[in-house]
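The two complexes that follow have subunit A in common; it is paired with subunit B in the first and with subunit C in the second.
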Partner chain A sequence: MDDSTNRILQRLIRRIPSQMFQTMLGKWAHLSREDLHSLDFTQPKWVLTEHLLAHCEEKGLTVKHITELEMIYIIENPNQGMWHGFQLLDAEEDAPSIELTQFKEQFKANLTELIRHVSIKIKKHTDEAIWIRVAWGDNFTKPNHLKPTYVVHHLQTPYVFVTGLTSKHKPLLNQALVLATRYGSMKDAHLSGRNLTAIRDLLMRQYQQVFPTKHPKPLQEKNPVPRNPNIEKEQAENTENRLQMACEAFGDGTLPQLQKAVYKLETKFRDNSNKTLTGREEPFRGVVEFASTNLLESLRHCVSSGMASTPVTPLLSSITQKGRNYFVITDKGV
Partner chain B sequence: MSLLKPFSKLPGLNTANILLVENEEQFQQKLADTVVLQEKNVNVNVRLARSLPLPMENEESRPRIDLVVFIIHLTSELSFQSAETSLKYLDPGYFQGKVCFLVTSARNVSVPPERLVSVRKLAASLHCPLLCAEDQTTEGVTTAAHRLLAILKVAAGLVPMATGLYLSTLTRCTVPSDIDQQNFE
Partner chain C sequence: MLVLIYYPTFVLSPGVLGHLNMLEMEASNLKQQDLRQSSCEEELNATLQALLRKRDQLQVEIKANTSLQKMRSLLDRTGVPCERNEDVDDQEDGSDNSQLLLMMAKHTQLKDLLHAHHLIGGYDVLQTRKGKGVCVSLATAYEGVYLETYNLEIDLGSNLRICRHNIPPFIPLERLVTQGNMQTDIRDFLDTLSQYLNAYAGRKQQLHLTKEIHSSVQVAESNALCTILVLMFTVPGEKAGATLCTLQYADHTQCLPTRVNIQSEDTALASSPQWKKNQALLLETPLHTALVTMKKTGSIA
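Our next item is the complex of A and B:
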């Protein structure tokens, strides 16, 4: 095992938190049961690192095997780094019938054709998602395993989620994916966040949605609090209406965790009190950013408590309706 | 303009009705629960609203409101503005001892002092009492409920020899003439 491999293993071990360490190693195929039991997990991490390095030397493990461990860790904890959503367009006739082995072969073949030194690992997770790990090199250098790209794709859906991709490699990955999935092109879905499950749920509409009804009845609470007969709300109908509209726009129950919504404005400045800026021909460029630990939850609360006026403005409800969090607003529309 | 009138309905026997108006609809619920539990001798009914005017649909079933309390959170300018606009929908008869202002977060450092000054000026101009409450702890809520109940019982006419007007001349908010020059050093 050479220096760079050692470094990769050390980096990886440092990255995995101590509580998860034992479970991760348990899932790794290259560490047998006896070896796992022989490791004392109460020792500090650097001691365990030494043991593991020695073990890998012994077994003659290479970078390929170590990256398997990294992949296991990332699949179990996908909510780190920045994930971006992409959408595949113009499906060809056989796109819905692509199955796993065909996809794997096609993807590997396409990508290795485009760039000689590249390391690809494909794995199918229990929830029908295909995970691809790509380490990029170029025509002269070996693949860089310290900055891999991870891609998640659900077969038969037109959605792809990517993290860790540089703009240099983006067109290559695009082309390989488009050819392997038998679609015409891939475009940016303008949805990004730290939480993979959240952006996946948002794009694939897997959260609890509320649909407008002709005869609205108030949303049933899960545990109705026994109401004191002496206390009465005067404007209860208004409150229920607001709650209904908030849930229609954003969903009910636990919402996908988005961190940001960015609106890039390219509209003309319009304020009659400011004569210097109004009336100019060029658009007044500005960026409005909403940030929160759980943005959709905050927006829903704003609407249901009356802070934001109802009906919900389409600027905010497009986050869930269109599944994006980056918008460019021009004078003609969104 | 649908004004809320103080004497257009008959009072109930041994009953007092209080209306809590709060833009945020947070503190009023806690206060309502405490008020109803605390008072054993009088039948207290609490009505909760976000702002005035109150909906016409409830006009028939609504009892005579003895005390209107405006809850203003000093941390939000919107809270104050909403209370100010709601004041227009009260019949002037209420301002003779049947209106009370309750502010929260008066001790909060991040609150601009001018806001409390404006609330005090407003309360003083209307001859109404101004109470400060602490809404984060149960003791604070209990104390606020206790004080509101004391004023409510007088306003409902349940305390002999005391009327709301009489009490309000004693408890109304006053603003010292040098309040604008106050600085805390």
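Our next item is the complex of A and C:
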């Protein structure tokens, strides 16, 4: 194994946290059971690294096998790095009937045509998601495995999720994906976050949405828990209305974990008390950013507790309804 | 002789003054009684008026309801309200009233139709935002079991527009909206959408039941829309090899496959009469029941 392979393996082992190390290695096909048992996981990581390096040398494992381990780790822990959502547009006639092998072949063929030195690994996960790992090289250098791009796509849906993509390689990946999925073009869905499951749930609407129903209140139990008769809720109806509107705008139960919502303003300045800025022709450029560990949860709480006025302003409810967290607001609208 | 007459509050004083006092008291008592009587009378009058008004109102309502029912039965029977020539007193109300009655009859007819539709497990329509929008709930069911409910919130403007929905992205909603007839015939649009959703729910349920009941059958490949399914069977016998069965559901509005392909290591297997029968069986019966039959005949383990 040459130097670069060693470095890749070392980097990968450093990246995997110690507590997950054993499970990850267990899933890796190139480590037999006896070898796994022979490794003592109570030793510090650098000792384990040495053992593993020696083991890989013995078995003659190459970069290809090591990247498998990396892929296993990323698939198990997708919520790191920055993921961006893309949407495929203009489906052609046979887009809904694409199947896995067809997609795999097409994608590999297209990408290798566009750029000669590229390393592609495609894996189908149990939840029908296709994971693609691409290491980019160019016409003269071998693929760089230290900065791979990961792509997640669910067949028959128009959404693609990407992490680790540089602007140089973006058009190449776009073209390969568009041709392989039989769509016309791909555009930015303006949705990004650290949590892949969150942005996937938001775009594919897999969180619990609330719609108006004929019987909004859940059925009363025959023997309800006795409430303290000395406590009476004033404005109970208002509270319920606000909660209903908050849930309709953002969803019920556990919400997808978004970290940021960014509104880029390109509207004219309108406050009459400030003479220097009002009346200018160019728009007043500003950026409003909402940040939180779980943004949708905070917004829902703002609405249901009365801090934000109801009905929920479309600026906020567009986050869930349009599935975006980057908006450009002009005078004509969002 | 002393005559003692007891009045509750006054001390009896003899003579004319006393007598005058007594008469004064009696007069004031009488006045009070009169006042009370007249106030009672007023109250009773007011109650009478209220009751009369209520009776008139109820009479008008009864009249409106009977004409509505007549109109509704005409509508139900013929689909078209024909000229009314029976009630003489309705003619003086003019054509506006009859138009209103017609609208009301149609409204009740539509409500009953929606209620019936909801009872048979079709879609349910609810008005939202004070009449500016509707929310349509489409229920899905397979083999008598209710599955997921999907919702569409539609904006009632000059053009109908779907503002919110929870339909999964692999159902071609956009295509149905742009290429379909949502603006002109919403019932047709909803029926088609319901077909797609019910078929998807049916296929998903078949796969779920297969996984639950038939643990010996392995699912090698499936996709989110449940239109491609690759199953691995174990065939009992000496030539026990892996047999792959590929089911393709090209028609997304159906629960049954359009193509069944059987591949095996034992090349003669696929063309044997037993397996030809199995192939036909898989094309005609739902997956989980077909597998039960195949197990009974001993084709698969």
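As a working rule, the second predicted complex is superposed on the first by the 320 of 334 C-alpha atoms of A that agree within 3 Å, B and C clash if a C-alpha of one lies under 4 Å from a C-alpha of the other, contacts with A are read in each partner's own complex, and residues count from 1 in each chain.
Assume contacts are C-beta pairs under 8 Å (C-beta built on N, C-alpha and C of every residue); 3 or more make two chains touch, one makes a residue touch a chain.
In this text the structure is predicted, and so the values were computed from the model without any measurement.
Engineer: Under the stated touch criterion, which partner chain does A:Glu289 make contact with: subunit B (first), subunit C (second), both, or neither?
Structural biologist: Neither partner.
Engineer: Identify the partner contact of A:Glu58: answer first if only subunit B is touched, second if only subunit C is, both if each is, neither if none is.
Structural biologist: It touches nothing on subunit B or subunit C.
Engineer: Once chain A of both complexes is superposed, is A:Asp90 in touch with subunit B (first), subunit C (second), both, or neither?
Structural biologist: neither
Engineer: Look at A:Thr239 in the shared chain and tell me whether it touches subunit B only, subunit C only, both, or neither; answer first, second, both or neither.
Structural biologist: First partner only, subunit B.
Engineer: After the superposition on A, what does A:His154 contact: first (subunit B), second (subunit C), both or neither?
Structural biologist: Once the two structures are laid over each other on A, A:His154 reaches subunit C alone.
Engineer: Of the two partner chains, subunit B (first) and subunit C (second), which one does A:Asp331 touch, if any: first, second, both, or neither?
Structural biologist: So A:Asp331 meets neither subunit B nor subunit C here.
Engineer: After lining up the shared chain so the two structures overlap, which partner does A:Ser305 touch, if you call subunit B first and subunit C second: first, second, both or neither?
Structural biologist: Only subunit B is touched by A:Ser305; subunit C is not.
Engineer: Between subunit C and subunit B, which one touches more residues of subunit A when both complexes sit on the common chain A?
Structural biologist: More residues of subunit A are touched by C.
Engineer: Just to be sure I follow: which residues of subunit A are touched by subunit B in one complex and then by subunit C in the other one?
Structural biologist: Overlap of subunit B and subunit C footprints on subunit A: empty.
Engineer: Using the touch definition up top, name the residues of subunit A that touch subunit C in the complex.
Structural biologist: 91, 96-97, 99-100, 124, 128, 154-159, 203-205, 209, 211-214, 321
Engineer: Spell out the part of subunit C that touches subunit A in their complex, as residue ranges.
Structural biologist: 124, 126, 128, 135, 137, 151, 153, 163-170, 172, 175, 221-225, 227-228, 250, 252
Engineer: Could you list, by residue number, the parts of subunit B that touch subunit A in their complex?
Structural biologist: For this pair, the touching residues of subunit B are 19, 23-25, 32-33, 36, 43-50, 54-55, 57-58, 62, 78.
Engineer: Touching residues of subunit A toward subunit B in the complex: what are they?
Structural biologist: 228, 230-235, 237-239, 305-307
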